[in-house]
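First subunit A sits with subunit B, and in the next complex the same chain sits with subunit C.
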Partner chain A sequence: MAPLNAIEVRNLRRIYRTTIGVIRRRVKEVVAVDDISFDVAPGELFGLLGPNGAGKTTMVKMLTTLLIPSAGTARVLGFDVVDQADPIRPRIGFIFGGERGLYWRLSAIDNLRYFASLYHVEPEIARKRIPYLLELVRLDGRGQEKVEGYSRGMKQRLHVARTLLHDPELLFLDEPTIGLDPIGARELRQVIRNLQSEKKTILLTTHYMFEADALCERIAVIDHGRIVALDTPEGLKRHVRDLSVIELEVYGIPPELLDVLRALEVVEAVTVENRDQKQAVLVQSPGGSEAVPEILAALSGLRVGKVIVREPTLEDAYVRLVGGEVEP
Partner chain B sequence: MRSVTLNIRLFFQGALLSYVALFRWLSPMTYLASKVLMPLAQILFFSFLGMYATGQANASFYVIGNAIQLAAVSGIFGVTMSIGGDRWEGTLPYLFGTPANRMAMFVGRAFFHVLDGMVGVVLALMWGVLLLGLDLSHANPLALGLTILVATFSTSGMGLLLGCISLITLNVMFINNTVYFSLLVFSGANVPLSTLPAWMQSVAWALPLTRSIAAARQIIAGGSLAEVAPLLWMEVLIGAIYILAGYFLFRWFERQAKLRGTLDIF
Partner chain C sequence: MRKLTLYARVILASAEMSVRETMTDGFVVFGIFVQPLIIALLGLWMLRDRGGDYGIFVVVGSGLTGLWSSLLFISGNSITHERWTGTLETLVGVPTPMGVIVLGKNLANVLQSIGSMAVSYLLASLLFGYPLTVAQPIQFVISLFLTVVAFVTFGLVIAPIFVMNPDVQRWQNGLEFPIYILAGFLFPIALLPGWTTPISYLLAPYWAAQALHLTSSGGGTSGEISIAWGMMLLFSLVYVLLSRTLFRVMLRKARSEATLGLE
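After this line comes the complex of A and B, so read on.
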């Protein structure tokens, strides 16, 4: 019986305990994943979007059988991730972002051969599949080279080839584009799109809103280990459709003034971006340009440059969700 | 049946790749130098020191002892680097996420180092013949070959255990060097075991090499395979015990890492 959902997560939690201090040892607890539930349908490209430390990697580790949950359950392809790790492993592939996790002193082909045998891929199949995968991730012609000479993007693409060796039906891609330059990231996203068209189920994590928007059919936004929104990209944008963004150019702003802004009735969220010598204060407000005088009045005494009122982007939706000031 | 062939294949693939990785790390020249010159240095150093202390007549005692001891270079350094290398490369989460049989994965890493260690011992014995008048004419070649095989097998078993320890602790090289230098004394390569205090003798018989070195000395003096067989069987057993201890430590490490979330922090 095929499971209805590729992934089913129910009230999953993971607490890390670390001891700090050498002489007076104290136990410190971090709740990395805090009561998360969601489902991923077969063939879906599902995104977990959240800032650094949100709990994305912890989530992926539990779903890939590499970490035991502290509470709750997770089923992957119908199997329990704790009690039935054995049937899960040959059916899934996974990547943890970054360039580590390959044998740098070996060639790409040798790396793939070794992982093929770890995944019990028959040698005749591996012989055909390795060149095909190298081509898929645009490393054809470079397979004989040692991995240590590869660029970061090439290494991360080799990881994609590695995880496709055994033709898994479900893929976990944890920040696959992390640390790549824009071109490298775009190439990798193209590879991910190709996988999607091969009807693989994919769970992708990222901290780039635009990446989640460009690739995912549904996005769970997580922050501090909790899901703060779960919707399609369009649905997430609707969260901010009623708002405008007012950008104020300033030359240094004291934090107290930001709090004054946040306290205003017409203000939903405030963030600050550094731009060269200047900063931009981004204020989300339902009032649009009508709110500008009140905001400027609150900032009286501060030197303010250009003021722009614009439509919200998806990035603003994300800021509103994880910016910290607004309850979801 | 299929699973047996799969695991045999995995064993050899892992063996081959850990060896290829070694060769790509050391250039062929460096590798050759390490196989030819380092043994020469060790043999000369201890043989002349020993002859100075106890007399010319004892050269073969030191030559044989150190030649067999050299099995530990591949067995300990080679094997530990192969396993500890996974921590360096960050490959552990990927290995532990595969369905591969852990025993085949783990033990395969040692296989080529056993062969490599045997080559090292043979080269070392040749230095002894060429430079220090070692006389192999009374040795039964089969018995000597088996002794060399058993010596590298048991030191590689110890290497597997140390490799696992290196997954958990910080300083692999410190541990390896300490063990290697301890073996120089405890294995009886450079001092007759009977001159050691009782507690050191007990430790010596629990370590690999001790019996192989004793067996090699007997064989080269003209002893038969049957005479040394008990020593060799015990040496195989000791090697197997170290492998099993290493394997269980490896599984323990995997379980702890999953429980505590320490797979990529160590």
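After this line comes the complex of A and C, so read on.
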């Protein structure tokens, strides 16, 4: 009988231990994943959203059988990730964001042929599938070139082709669009949508809010190893339904002025985004446009450009949940 | 049967991959082809007045040094290299057991080194005019085949240690010369202190050197050659069984201690 959930995580915890010092060695513990529980249904595209260091990659490594949890349990396709790795591995595919994980001195085709054999893909199937996958990730015509000459985006697209070689039913995509140019990232998102339409279960980690919003059916917001919210993108936006976002275009804002803004009663949260030569101060406020005069008064003496009042997005919900600065 | 076919494909693919990768690495080319040549050249030069028997002894011995160096450095470094390039995690995450992948890599390295032995043979013959005839050619070929098996399986015991421990690389240099000496690659172990002999007997490379030296130079009885063959087979079997446990334990430890990647 097929398992009810593709992924079942219960009270999962992972602690890394490192030693510090030479003569007086001390053990330092870092809790990367702290008591996390969630389920992913078959065919669902589930997102793990969080800043760098939140524990997303550690979670993926545990679910892909590469790392043993310190506590708790995780089942993938009905099998335990610690003791039943063998039946899990042929049925999942995984990529970790970045350029590593490929044989750079070899061509893309050589890489794919090698991984096809490691995944026990029959040679005649591999011969047909490799050109198809190279076309899917827009590397057709470049397959004979050595990977060391590829751009970062090309390497990441090759990773996607590599992970689809054995047609896995469950995919773990850890920050697959990180470092890609906007067009490359958009194309990769389209590939992910196509995989979703093929009813594949996908666990996607990202720290790009719009990406999670555009792709995921449900999102777990993770911070400091803990889930701080788990809902649909619309459900997460409801966390900030009582707020408006006031965007103020400024040209250099001193930190003490930000503290002044944060101290205002009409202000819930303040973040700053760099936009070319300018900055955008994003103020979350329950007051909406009525709060604008008070905010502008607090910024008196500062050159302020455009002021926009808008509805909150998933990113604003994320800021409220996680707090702190949003990564550009 | 299907599993055997799948594993045979992986072994061939890993061997091909290893050859393609190593041939673009100058350090590896030096270790396999140049270093044994230098050792052969020095040995032949020192023994040039001793007569023909020493020529084949030196050629076989220098070839064995190449075999051991390639196994120790290339097989070991390939796992360290896989860790650095981020492919080790991918390899552990595939359905093929790690031991089968390593077996293919070791096979490629050992066969490449056998090639370097042939180059030393030609060099000795052309430059020094030694009559490099092999005394017992059929027995020599059998010995060579068993040597390949013994070295490949010995490599299976070394590899899991590299999988588990990223720091083990610093021990590599220290292991290179003791095996040259203890296994009698370049001179008989009779020249060593008596207490080292039992250690030599526990090393498959010693029995490989014994079999190759006896069959190439002649002078060995069929009993001595059979013992060397039997010991190589016995040790190969022990290494395979030991490596299965080592891979299981070391991979579990690496998954537990997060040493598969660099993060």
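Note that the second predicted complex is superposed on the first by the 268 of 328 C-alpha atoms of A that agree within 3 Å, B and C clash if a C-alpha of one lies under 4 Å from a C-alpha of the other, contacts with A are read in each partner's own complex, and residues count from 1 in each chain.
As a working rule, a residue touches a chain if its C-beta (ideal position, glycine included) is under 8 Å from a C-beta of that chain, and two chains touch if they have at least 3 such contacts.
The model shown is predicted, which means the values in this text are computed figures rather than measured ones.
Student: Give one word, clash or fit, describing how subunit B and subunit C relate on subunit A after superposing.
Tutor: clash
Student: Could you say whether A:G235 touches subunit B, subunit C, both of them, or neither, answering first, second, both or neither?
Tutor: In the superposed model, A:G235 contacts neither subunit B nor subunit C.
Student: Where does A:P90 make contact in the superposed view: on subunit B (first), on subunit C (second), on both, or on neither?
Tutor: Both: A:P90 reaches subunit B and subunit C.
Student: Answer with first, second, both or neither: which of subunit B and subunit C does A:P131 touch in the superposed model?
Tutor: In the superposition, A:P131 touches no partner, neither subunit B nor subunit C.
Student: Of the two partner chains, subunit B (first) and subunit C (second), which one does A:R100 touch, if any: first, second, both, or neither?
Tutor: Both partners, subunit B and subunit C.
Student: Determine where on subunit A the residues touched by subunit B overlap those touched by subunit C, and list them.
Tutor: 16, 61, 64-68, 86, 89-90, 94, 96, 98, 100-106, 110, 113-115, 117-120, 123
Student: Note which residues of subunit B are touching subunit A in the complex, please.
Tutor: Residue positions touching the partner: 6, 9-10, 13-14, 17, 20-21, 24-25, 85, 89-91, 93-100, 105, 258-261, 263-264.
Student: For the complex, give me every residue of subunit A touching subunit B.
Tutor: These residues of subunit A touch subunit B: 14, 16-17, 58, 61, 64-68, 86, 89-90, 94, 96, 98, 100-106, 110, 113-115, 117-120, 123, 146, 162.
Student: Show me the residue ranges of subunit A that touch subunit C in the complex, using the header's touch definition.
Tutor: 16, 57, 61, 64-68, 86, 89-90, 94, 96, 98, 100-106, 110, 113-115, 117-120, 123
Student: Under the definition above, what is the set of subunit C residues touching subunit A in their complex?
Tutor: Interface residues on the subunit C side: 6, 9-10, 13-14, 17, 20-21, 24, 85-87, 89-96, 101, 252, 255-256, 258, 260-261, 263.
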